[in-house]
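Here come two complexes built around chain A, the first alongside chain B, the second alongside chain C.
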Partner chain A sequence: MWRRFGEAAYAAVMVVVFTIQAGALVLVAAVVLVASRGQASNTLRFVLASAVSLTALVVMLLTAYTLGYQWLSSRREHRRTAEMNRWTERWADVVVGGSPPPKPQKVRGAALEALVAVKEQLREPERSRAQDLLQHFGVTAHLLGVAGSRRHSTRRRYDALDLLFRAGSPVGFATYADLSHDPERLIRELTARAWARSLASVRDPVVLDSQARRFTREMSDSDLPQGAIHEALLETAEAAPLVLALLLEDATGDVLAAALDVAGRLQCVKMVDLVPAHLESDDVDVVCSGWRALTGMGASPQAAVVLLPGALESEEEEIRSQAVRFAALLPPSEALELLTPRLGDKSWWVRRSAAWALLNSGAKGRRLLDDASGHHPDPFARRIALQVLLESGEISAGEAMNRAVVS
Partner chain B sequence: MGWRSALDYFEYFILVYFALIALFSAALGLLGLRSILLYARESSSTSVYGFLARASYKPVSILVPAHNEEKGIEASVRSLLDLAYPQFEVIVTADGPTDRTVEVLIEAFHLVEVPREARVVVETAEVKRILRSTRHPNLWLVDKENGGKADAINAAFNLARHPVVCSIDADSILDGAALARATRLFAEDETVVAVGGTIRALNGAVLEAGKVRSIRAPKTWVERIQVLEYARAFFTARAAWSRVGALTIISGAFGIFRRSAIEEVGGWWTGTVADDMEVVFRLHRFMRDERRPYRIVATPDPICWTEVPSSLRALRRQRNGWHRGLLEVLWRHRCMLFNPRYGRVGMVAVPYLWFFEAGAAFVEGGGYLYVAVAAIFGFLNVEFALMFFALAVLYGILLSQLAMGIETMLLSRYERASDRLVLFVAAFAEFAGIRQVLLWERCVAIFQLRKRQGKFWTETRTGIEAGRGPEI
Partner chain C sequence: MESNGTDSVEQGAVWSEPTGSATDALVVEDDTAVAAIVRTALEQAGYQVLVTTDLAGCRRALKELRPEIVVCDLDLPDGNGLDLVREMRALPAPPRRIVVLSGGARDTAAVAALEAGAHDFLAKPFSPRELVARLELR
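Right after this comes the complex of A and B.
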C-alpha cells in the first residue's frame, strides 16, 4: 500500500533533478566528442568538474527531500489517525448514542471519512441515521461535485468516488451517468461500482426501475473489462434481480456473460427462465456463463435439460466442463447416466468435474464413483475417481494408496 | 592509427556509452516513477478487500520449488498457508534434496503419500511420490528426482488445478494482500497473462508470526547494497518497462501467471538458469506470433519478501548465474533483436538488454582495464579519470536515491532515520569494491556459459529463520 500524498511534489523534484542531469550528461557527451578531435580539453575538464559538482548537489538535495518527506509524512499520519479516532467516536455517539450532531459546519477530511466509515459498519436503523447526517452536512453533494468536476485532480476524484461507493447513498445518478463516459478508465470503473451500490440503496420502486434501466444501458455501452462489470453488478445487491433481468434480455458479449455469472453467484432463481435462451449462443463465454449460472442457482429448467446432451458432446472443453457440473442437478437416475461416460473424457477438467458431480449426486452417485475408482476400464477415470474421493475426505490417504496399487 | 589513438578513442567511447546508459536509466527512472505514482493513486484498500468480499477473485495454485531448504521451508510454507486469500492451494516440489527438506515437511504438516492423477502438461524428471497434508488439505508435496528449479516448477504446475498459478521461492514471504492485489489484475482484464510482483529484501526485517512487522536495514554491507539494487530494479526499471508494454522479466521469487498461457508455451524451460526471464520472453513471442492481445505487467504493490545472499561468496555465485542466464536467454531468443514483429519488446527492450545489460560487463570491464594499462604506460590523466569515476559513482547514487525516495511512499518503509542514513552510505559503499567484484563475476560467467548451462540450486542460504533478524 502506498501513501496517498506527496507524490506530485516528489515527481516534480525528480523531473527537475533529471532534467538538470540529462542536460549535464548531454553536455559531457558533446564535449567528449569535440575533444576526440583534439580540441577543447580545458572545456572538457570544466564541464566534467561542473557535472560532478552538480550531481553531488542534487544527490544531497534528493536525500534531504527524502528524509524531510519521511519525517513530515510520519507526523501527518499520526495526526490523521488521531483525528479519525476522535471523529469516529463522535459520530458513533451521535448515530448510536443519540447525542446531538455537531453544529452546522463543513464536514470534510477526517470528519467526512470517519462518518462514511461509521455508516459502512452499521445496520438499520442506525445506518439511515448516518445517511441523514451525510445528507444534512451536504457530504454526498460535495463528493459528487468533486468526482464530477475535471477541475479537481484525478486523485481527488478517485478518492471522492471511492467514498461515494462506501457511503452508498441513493442519490447522484445523473453525475454517475455523465462519469460513465469519462476518458479515464479508472473513473469509469469506480463510477460503475459507486452507481451500483447507490442503486442497491434505492427503496422507491419507480425510481429504482428508471435508474436500473439507465444503469444497464450505460453498462451495455461501456467498454469496461468483463471483470469490472462483474464486480459492479455484484454490488447491486437488492437491486440485482431487476438489473440482471434487464441485462439478460438486452445485453450481449462480455456484459451478458458477466450478468449470467452474477445471476448464478447471487442465486437469482427468479430469472432461471431467462437463461436457457443463451445456452445456444455463438459466444462460448456466454454459453459457459449460462451453464454456470444455472448451476449456481441450483435450477434445472426443462429448456436447459434438453440442450444438455449436446453441451456434453461440445468440442469446447469449458462448455463440457460446465455442462457436467450442471448435470449433477438432475434427478440421480438421469444424472448418473449422463455423468458416468464423462469420467473417461479426454479433458482432465471434464473428468474432474464429472467425478465431483457424481459425488454430489446422492448415495448412488457416490457408490458409482467408489466403484469407478477400482473397476472403471479407463485408468484415467479410475485415478480421477480416486483423487476426488480422497480430496473430499470420503476415503483416507492409506485406503487411496491401497486402491491405487490394486487397480 | 597508432595504439595510443585507439586507446584514446576507446576512452571517448566509454564516456559516450556512460552518457547514453545514464540517460536511458534516467528516462526509465522517470517513467517508472510515473507508473508507480499512477498505481499509488489508483489503489486503495477498499478496492482490494471489497474485491475479496465480493468473491470475484480467481483461485490460485502457489508453486514452491525447493531443493535443500530444510532450515526455512517450514516457516515459509506456514506463512503461505496463513495467506489471507479465500481459495488457494500450495504445491511444494522437493527437487531431489540432499538434506532433510522432505522429512521436515512431512513432520511439520503431517504429509501422507497419496495417489493423484496429474495432468502431464510438461515432461519432468521422475516424480517419486505425491504427498498431501492431513492437517491442511490445500497443501501438496511433490517428491521428485533432481531436475533443476524450472523442472521443479513444472512438476508443481502439472498438479495445479486453479486458473492462476503463482511461482514463489521457498525462502520468501508474501505480503498479506499481495495475492489479492495481483490476481485482481487477472480478474479485471482477460488479456493479462502474467504479473510480476515487487521483491524486497527480507534480511533485517522484524517478523511476527511469519509476517513482516517492520523493516530495518540489514546487518552487512552486502545485504544493504542489495536493498538498493532491488529498489532500483523494481521501483524504476521494471515499472517503466511494464508501462511501455515491454517487460522482459518477472522474478522467479514471485511471479503470477494465467495457467492457460503457461500451458500454451509449454511450461518453464529447463535449459537455463534464468527460467523466469525465459518464460516471459516465450510468452511475448507466442502472443505476438499468434497476434493475440496480451499484457505482461509489473506491479509495485504486491510485495514478496525474499532472503537475499548475506555473504559476498553467495552473492557472487548468484550473480554469476544471473548473468549466464541473461546471455542464454538473449541467445536463445536472438531472433527478437530489432525484429519489428515483436514491437517494443523486439525494438527497444531486447536491444537494451543486449547493449546495456549484457554489453555493460565488457565496457565497464574494458574501462577498468584501460585505466590499468594507461597507468602502467604512464599516460593516464589522473584528474580526468578521477572526475569521470566520481561522476559515475554520483550518478549511480542518484538513481539509488530516486528508488529509495519512491520507497518512502510505501506504507511498509524503513522507518528509522538511522536506517535511511545507513542505506545512503551503502549507495557509496556499492562502488567501493563490491560492484567491481560482481563485475568480475559477470565477466567470468561469460566464459562458463557452455560448461555450466542450466545449472541451478547452487546457492547457499542461511534459511529464513536464521536470516530474518529478530523474530517476535
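Right after this comes the complex of A and C.
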C-alpha cells in the first residue's frame, strides 16, 4: 500500500522496517553474549551469535532484494510508459495528422499497443487509416498467430486476444472459430468477445451474413456462461440486429436468454415481434429475459399484452417481477388496473416493482400509491407504498413515520 | 514538443509549438491516446495546445493562461470533469467553448455534461474532424 505514496516513500519505509528488524537482532545477540559471559560454553555462544547474525544477514538481503526489484520494475515501467507515449504521439501524427508512416519495420510491443490504443479511440475515416496500418505492418496476422498457437503461454495468448478485441479488425474469423473450441475457458471467453467486435466492423453485407451465421452457430453450441455470452453479444454493436435475430430464431436456453437481454439493452426495436414467442417458454430464465427485453425496448406488442395477465399470476416470483415492470409500459388506465393488485403480492420484489411502476404511471398512479400507503387492506402493501414514496422523495421521513404509526 | 515557459503550470503538461495562431486550447485528458489524437487534430487546426492529465493541472492552467477553448474528459484521476465544467463556467472570463469528451454511457453523460454548462459533448470513440468542427461553432 505504501507504493501509492510514491517510490521514495516506499523505499524509505522498507529500509526503516528492515533496519529495525536487523538492528533488534544484533542488539539481542550482543546482550545475550555479554550476559552469558562465563555462564555458557564458547561453542554455545558461537552458535547463538552465528544464528542471530545469519538471520540479520538474511533480513538485509531481503531488503536489498525487495528494493532492487522495486527499482528495476519501476525503471522498466517508466521506460515502457515513455515508449508507449512516444509511439502514441507518432501514430496520432500518422493517422490524424497525415504524416508518413514509419519505414517498414516490425510493429511489436509498445508500438503495437500504441497503434491499437489510437485506433480504439477513433471513428471513421481515421479508424480505417489505423486499420490499414495494422494490416500494413502485419499486426493483425501476428496477433492471430500468437492467439492461435498452443506453443505460447495462456497469458500471452490472452494478451494477443485482448489486443485483437481492442483493435476490432474485420478479419481472423477462421482463427476465432478454431479458438472457440480451445480447452482454456478464458481463451474461449475472450475469443467470443474479439469475434463479436470483429463482426461489428465488417461492412460487406455478404461477408457479414455468412460470418454472423458462423458466429451464432458457435455461440449456440457454446458452453460459456450466460454472462460471458451476454458480454460478447453486446460487442456486436452494428452487427447486433442480424446476430440477435439469428439467435432469437434458433438458440435455446442460456444463449437465447442472453440474446433477449442484449436485444433489450441495445433497444433493438426491429426484433420486437420475435420476442413474444419466447414468453411462453418452459425455461424461466428465457421468459424473464423476454419480458425484460420488451421493457428495455419500450415496446408492448399485442402478442405480449395478451400473455401479461398470466405472467402476473405466475408461480415464479422473477416472472411476476419482470411482468410488473413491463405492465408500466401500457396506457395508464390498463397499467393501473394490473399493477394495483400486485402491491399485495407475496414477493417483496414484486411489491416493490409494482409500487415503483405505479409511481411512474402519472398523477393517477401516484395518487393510487399515496392512497395505498394509508388505506390498503394489506399491511405489506401499505409498507412498500410508504417505502417507495419515501425513497423517491415524494414524502418526508416525518410524514412516512406518521403514516406508519396511523396505519 | 518544446516547453515554452509554461512549466510552472504543471510538471508534465506540454505546450505545443505555436502554429501561427494565438488561440489557446487546453486539453484535460488522462488517456494518452485520446490526448495525442486531440492535440494533433487541434494543432492541425492552428491551435496552440496545452495537455494536462488532471484537475489540479487544469485549474493552474486556467488561472495562469486563460485558454480560449477547453476539451475535457469526465473521469479524471483526481476528480470529476463535471465539477471542472461548472468551475469554468463560473469564471469571470470563462473559455469560449468547453467540449466534453467522454467514454461513459452516451446519453446520461451527454445530459450531465450539458447540464453542468458544457457547450457540447462528444462520445468516445470520436472523429477528430468532428471535434474541431464543434469547437469552432460560434
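Simple rule for what comes next: the second predicted complex is superposed on the first by the 336 of 407 C-alpha atoms of A that agree within 3 Å, B and C clash if a C-alpha of one lies under 4 Å from a C-alpha of the other, contacts with A are read in each partner's own complex, and residues count from 1 in each chain.
Simple rule for what comes next: a residue touches a chain if its C-beta (ideal position, glycine included) is under 8 Å from a C-beta of that chain, and two chains touch if they have at least 3 such contacts.
What you are looking at is a predicted structure, and each value in this text was computed from that prediction instead of being measured.
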item: Partner chain in contact with A:N85 - chain B first, chain C second, else both or neither; value: second
item: Partner chain(s) touched by A:V96 [first = chain B, second = chain C, both, neither]; value: second
item: Chain B versus chain C as contact partner of A:V32, first or second or both or neither; value: first
item: A:R367 touches, of chain B and chain C: first, second, both or neither?; value: neither
item: Partner chain in contact with A:R108 - chain B first, chain C second, else both or neither; value: neither
item: Touching partner for A:Q121 - first (chain B), second (chain C), both, neither; value: second
item: Residue contacts on chain A - larger count, chain B or chain C; value: B
item: Touch list for chain A against partner chain B, complex; value: 1-4, 6-8, 10-11, 14-15, 17-18, 21-22, 25-26, 28-29, 32-33, 35-36, 44-45, 48-49, 51-52, 55-56, 58-59, 62-63, 65-67, 69-71, 73-74, 154-155, 158-159, 162, 165-166, 186, 193, 225-228, 230-231, 234-235, 265, 348, 352, 380, 383-384, 386-387, 390-391, 393, 397-398, 400-401, 403-404
item: Residues of chain B defined as touching chain A within the complex; value: 8-9, 12, 15-16, 19-20, 22-23, 26, 29-30, 33-34, 36-37, 39-47, 50-51, 54-56, 112-117, 119, 132, 134, 137, 161, 177, 187-190, 300-301, 383-384, 387-388, 390-391, 394-395, 397-398, 401-402, 404-406, 408-413, 415, 417, 420, 424
item: Residues of chain C that touch chain A when the two form their complex; value: 31-34, 36-37, 39-41, 43-44, 124-128, 130
item: Interfacial residue positions of chain A with respect to chain C in the complex; value: 84-85, 88-89, 91-93, 95-97, 114, 117-118, 120-127
